[in-house]
Amino acid sequence: MGIPFIDEPLERWAERFRFYRPFKVRFGEIDAFGHVNNVVYFRYFEQARIEYLAHLGVFREMFEGSTSSIIVAANLEAHYLAPVYFDEQIDVGVKAERIGRSSIDLSYVVRRPSGASCARDGATGANVDVPRSSGEKPKVVAVGRGTIVHVDRASGKSLPVPDDVRRAVETYERLA
Amino acid sequence: MGIPFIDEPLERWAERFRFYRPFKVRFGEIDAFGHVNNVVYFRYFEQARIEYLAHLGVFREMFEGSTSSIIVAANLEAHYLAPVYFDEQIDVGVKAERIGRSSIDLSYVVRRPSGASCARDGATGANVDVPRSSGEKPKVVAVGRGTIVHVDRASGKSLPVPDDVRRAVETYERLA
Amino acid sequence: MGIPFIDEPLERWAERFRFYRPFKVRFGEIDAFGHVNNVVYFRYFEQARIEYLAHLGVFREMFEGSTSSIIVAANLEAHYLAPVYFDEQIDVGVKAERIGRSSIDLSYVVRRPSGASCARDGATGANVDVPRSSGEKPKVVAVGRGTIVHVDRASGKSLPVPDDVRRAVETYERLA
Amino acid sequence: MGIPFIDEPLERWAERFRFYRPFKVRFGEIDAFGHVNNVVYFRYFEQARIEYLAHLGVFREMFEGSTSSIIVAANLEAHYLAPVYFDEQIDVGVKAERIGRSSIDLSYVVRRPSGASCARDGATGANVDVPRSSGEKPKVVAVGRGTIVHVDRASGKSLPVPDDVRRAVETYERLA
């Protein structure tokens, strides 16, 4: 089961991300099966995406100071590679891959840091056997991608990516 | 453990509610312990409260046509009497108890209908022994209360409950 | 921006779904932008998927009576075509496209029914101009897909789709 | 509108809490009105409560190593004093007030740290006028309380608070 948008070893692909943010798995993110619910990964992506745009100084640019335009998700996709459990510390990465006229393609990755402490099964409280890397490298547990679009709030029509947003993203990701 | 704001048998108290709305427990509302997470009851209260105000024709009145005022929760409280499981059908009731100058006190109740089908434990999939009434009456599984306030969106200051909202609520609940 | 997994007109594709379930958009599903948050669509998919499996009589089969195996999502994908607003009634469809050794590929669709009442902007309460079909046909507002896998709970290894599950799905979807 | 369970100035009451944990408000926690949704505070309480019990070394004690008993919420209550906005950093405090035979009464507080950076309205992106303290002290923006109970998972009946849990809580909070 290869990932359609990744054509190199996962761990190497994950190392290309410059932007990572830590998340600690909350109790409310665990479902009845005792692991992080699949929907919650999209919450992590959302929050990491917003922090990425803020880090680049373009979050405000793309919708603040004006209520007339917003960023919307055109599509979103996740691939789940290993379960994540209550109380784990994970890192969520975001990376712009391509900038179009009005859209930006983003990749996402969720990694369990190297040397992560033992996970617990949220449902039973028992320790569980979590597949891990050798402890020398972080382990990729999920990946994703998605396109965001800059749109006019009233009409819903796409707007060009502002020039300084384009420049900030291209510079940070060395896309130009 | 009596409920501070209820001074009569629970089932009788619940029968005073004129407004009930059905909810079906979703998988995503179940937590790692296999029952509806305690936070989710406040989501039920919120949604039922909005439908109650809409039913009385005052939801729009209190914040639509104008973006200048909104309804906010001043406080919220829930008491959990019996667990609720995945896929159960429940009824959530809302009732205005008192109207102040700028606030309305609401009561909430969650009932398992009479003759409810057997619940399942979301965590294990096994059937569980859910305490039930004789099957002749619905069973109260949670109760709550909370005050909502009509406030100016910009300043956050309280505004009087509009006259027609007051009239609609008083008429529906026979408070006048 | 075509949808990679759809090669015919969207409305016709949506008509191939036999299984639809109604959802009413809750206040808590609206985000700061005033429309249904993109993450929430995956909650709709999840709930509709579970009801689909239950409808086919295989939800219990795939994880009940035994705690040893569960269904997990291997991947999930959504494409957002038009915003959905507070209080709207939508229909969410699920359809099995293919059954592998241990996995089932599912498609998802979200439709706004024909003759849907006017939507409201959850943020402002003002009426908004929602793009609609002629009123004669339901309008597709989002589509998705995803693979679910039958796995051993303890080892995380994939298990064959049970024979009667395979038969139930093939019969319902006329896949055989 | 005094808080029923607080009989001293709020800021002084908040200083009695020894246990605080930081939370950063996520985009997904903002509702259509542009501030942290009232339901979300109970998620903060839940997560802070679990970290409090873990910090005292009694989280595992009360339900791990055994699947036979769990901690459930008997009741929960929140009072909202000032809105909280997207991207704000807040501190959530937890404090055991009383230990009964099978239950523990907990208080909760949400504070905006002193010198907090300017908040933004999540709905519009515009800066908003957030009421603040003089900048010398943190500002209490919400308070709460609730009783948790140690129960047998199968029967739902209450179990005594284990002796070492009682001792750990009494020692930490100097209750004995």
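Order of writing sets the chain letters: A, B, C and D. Residues in each chain are counted from 1.
Following the convention adopted for this analysis, a contact is a pair of C-beta atoms (placed from the backbone, for glycine too) under 8 Å apart; a residue touches a chain by one contact, two chains touch by 3 or more.
Predicted, not measured: the structure shown is a model, and the values here were computed from it.
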item: Most distant chain from chain B by Cα centroid; value: A
item: A-C against C-D, pair bridged by the larger set of C-beta contacts; value: A-C
item: Computed distance of Cα centres, chain D from chain A, in Å; value: 28
item: Inter-chain centre distance, chain A versus chain C - centres from mean C-alpha coordinates, in Å; value: 22
item: Cα-centroid distance, chain C relative to chain D, in whole angstrom; value: 35
item: Contacts with 2+ other chains: residues of chain C; value: 27-28, 33, 37, 39, 43, 46
item: Contact set on chain C toward chain D in their complex; value: 27-28, 30-34, 37, 39, 86, 122-123
item: Touch list for chain B against partner chain C, complex; value: 26-28, 43, 46-47, 50, 54, 60, 63-67, 87, 120, 124-126
item: Chain D to chain B touching residues, read off their complex; value: 1, 33, 37-39, 42-43, 46, 70, 72-80, 82-83, 129, 131, 153-156
